[in-house]
């Protein structure tokens, strides 16, 4: 029983980490209808910028707090430049194209960003320390033999994700820009006709997605070290997106929790009888089964097709 | 129109440049290709090895003018650890140079499997030092493969010997639980037959736990380990899987000193990212430790101080950098051995293969080369392409690797039957008639 | 002046419905085939065979298969790598368990196995559309990755998981030379491409295109969506499976499951999109583009760097390749979203007027 709880909690926390990445997808899809495959590459770029800047500032013997803050600012500026370049060079030229074309363009951006980030910042593994504690905690040692293992870093990541989601929800519901974003997601042409400046909106939304990627990069980088396989996280976030719906921020979190828990439980309890390694496809199969009953995901907007 | 013209002009310039570059080809040079991966999930381990391999060849060129007056032409090709890119690099480089490629060193078991099919047809030997097919040490079937210094079955056996020693004898292994946390690829699966055979013989429970590539996320596997509580965990990972494993071991509080990694899981990039969680982790050594050998004096003088080294300062002297040096050393010594028989000119692949098969590095020669303390004497024969079956264990103390054991020799009474069995199956499947080494010189 | 249809009258329905109704088109196609079959084998080096021609021919077959699914039927699929793997392992198993069968018969039969698997994984498409379907096909891809690694009888219980293809021969005539490999793959591709071209011009193809353009309207006029979508998956998977078996037997020789991972799926999707959705010619052009560009960049970048005195490491070359590749994809999508095939049709249109401006 204790072990089950341990796996469950571990899974839920891992799921929150996935939803951090999925949030970026949701933001961009919600606001521009673009399925941004480059989100993983953005996490990598943001993480690399952060860790290298931090290394440089620490070499200059700046106090940790100042170095960390400046590194975050530096990485945010890099993400802003990327958002601006994407909007200017890609999105503006591909207005009104089909979704699949925009999706392919984001895959092109993925390649470009991966190459650029590694050229500028290096291809090594960089351990990242943003001041988050990484030690394991053992809960309820009296009740269960060995206690329930929970990782402190995961808990802090969950807190960060919660704050992000709350902030984003407020942003979308209560601010003028948030409303404009939702209008653009609904219909580009109509939004433009009521005077919403599309270019600025897209820049803002990619920038916000970039900042979300920065937070995800910081958390995952602390966990795994900042290296190339961070960009593969996008593939782990996709089932979360399907489950939660492409357009829902709370859906990303709930989807993340379900996928994370399901994945780990399946791997630990079902896996050994099937030879192990079933995590990845199990997540997708779960998402697929959900889709068969709710084609738009748990919280996504109902797809209304007009003939 | 202006843009179009500019693009056409640019294309013309580029094509001219390529043709010019391709046309220049020296005659008295030995071409040595290097299949490397400096990008991708396995780059942290691939980079120092590639640097070491390149630097040794550069040193030979700068200090000696090559081998016996023949300059060495070293060219790298990026594979990203992917089999199809490895095959593409192989096809592109195998015919380069006046006599073709001297040997190929893929640094990937997957690419080795693919090239094992092609190399015999192209007559180019494969140097798979410390990796590749374990059964390829049988030179009678695998004429063109040279897994010098050690194979994975040797590693598995030495690991079990070390554990037995720590436990106080082989009889104490009975009833113990030993887990193998392995990279889910041909590389990671290699030791399984040997470990299964040994678990039957010595009575320990063998628990294989796969990690899907690239292995950066291992939480579920380590939760399983936490539940199963094996007495030892053998780590057979590569690239980011290694550092993730050590980190996760720390996260679940599995004692690091009960983890023993294979020699590809025992280098600085594997433990440094884990920070202080890495302290206590043990790994097998491919004979050589970290640190500087006498050859470094020449390396410093001719390559590093001249700014020709590809390596970053903290790489020099690291485990994988040394391994790269040794890899190039073995290859160039094979070329030298071949030249002793065939003359001081660029060698063909066939001649280099002869060189490998007759490679006899005595302690004397190793000292001459400046590798004393790195490796022991190595003798390759027609039947035995491994040359030596020694290993020892070193441990990371948080700052560096310290050798903590004596030499172990792999137990051939267990390994020989396995090698004969599996290589025999390969020969039957591929319709290869095994050579008879007792008849050859 | 060159490309005029003037004077070409069709005297029968059959002539009117030919694939290449314009005589110049037929001539060019014939010339291309002659060059491909008869001229190339005499002038090509082994490296060009192994690195460029054989991969291009085999992957264009796979791209044609994916184009049937994505371009003609409009179902996005990211699982094509796994279907290639199914074809490869099916052919391998047929070769192992029925050793009297010629390897090429195994390759052809493996297409049917892949078609059956494709049918099963195509069932979600009856309910899911668009990107959701793309992500659902990723389930097929990852399941395939796992199955090839884990289900032991697929790899005939080899301990390492890496399997070898049987030697290629027909009636005792050894076909393992690069030229023979190239010709065999070319024969498969040309014959199957011709078959597909005819299928998509027939009533099934029209059903697919109706589903692609507006599936609800198609259903209303009597196109059965289940039949159309599942046949698209089946035909597409057949082609991709045969291509996968060819890739394994002819190009790789010895392979592990990682040869058919998600990168392969993305590579095929790039070929189809850059080549042009809904076009057989586009699949071939896309395959040529995707295979040749990285090789070209690999060869061109170090000399270019040397021109400006900069020694580029292989890692940087790799990164630059990725950057240029990504930029090229975006560039192509901006300049011509309908792909290289559309650029080719525009060229032909201009050629009809040439040398006159209008």
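We call the chains A, B and C, going by the order they appear; numbering starts again at 1 in every chain.
In this text, a residue touches a chain if its C-beta (ideal position, glycine included) is under 8 Å from a C-beta of that chain, and two chains touch if they have at least 3 such contacts.
This is a predicted model, so every value here is computed, not measured.
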| item | value |
| --- | --- |
| Per Cα centroids, the chain farthest from chain A | B |
| Selected interface, A-C versus A-B, where C-beta contact pairs are more numerous | A-C |
| Whole-Å gap between the CA centroids of chain A and chain B | 37 |
| Centroid spacing, where centroids are CA-atom means, of chain A and chain C in whole angstrom | 33 |
| Where chain A touches two or more other chains, by residue | 118, 123, 275-277, 280 |
| For chain B, residues contacting two or more additional chains | 38-39, 43, 47, 184, 210, 212 |
| Residues of chain C engaged with two or more neighbouring chains | 145-146, 149-150, 315, 318-319 |
| In the complex with chain B, residue positions of chain C that touch it | 46-47, 50-51, 145-146, 149-150, 159-162, 164, 167, 176, 251-256, 258-259, 263, 295, 298-300, 302-304, 306-307, 313-315, 317-319 |
| Residues of chain A that touch chain B when the two form their complex | 3, 6-7, 10, 14, 118, 123-127, 134, 136, 146, 149, 151, 223-225, 227-229, 232, 236, 263-264, 267-268, 271-272, 275-277, 279-280 |
| Parts of chain A lying in touch with chain C, wherever the complex brings them together | 35, 89-90, 93-94, 97-101, 103-105, 107-116, 118-119, 123, 235, 238-239, 241-242, 246, 274-278, 280-281, 284-285, 287-288, 291-292, 295-297, 303, 305, 307 |
| Contact set on chain B toward chain A in their complex | 38-41, 43-44, 47, 184, 209-212, 214, 216-217, 219-221, 223-224, 226-227, 240, 243-244, 247, 250-253, 269, 272-275 |
| Of chain B, residues touching chain C in the complex | 14, 17-18, 20-21, 36, 38-39, 43, 47, 76-78, 80, 82-84, 87-88, 91-92, 95, 109-110, 113-114, 116-118, 121, 133, 184-186, 189-190, 192-193, 210, 212-213, 310, 422, 429-431 |
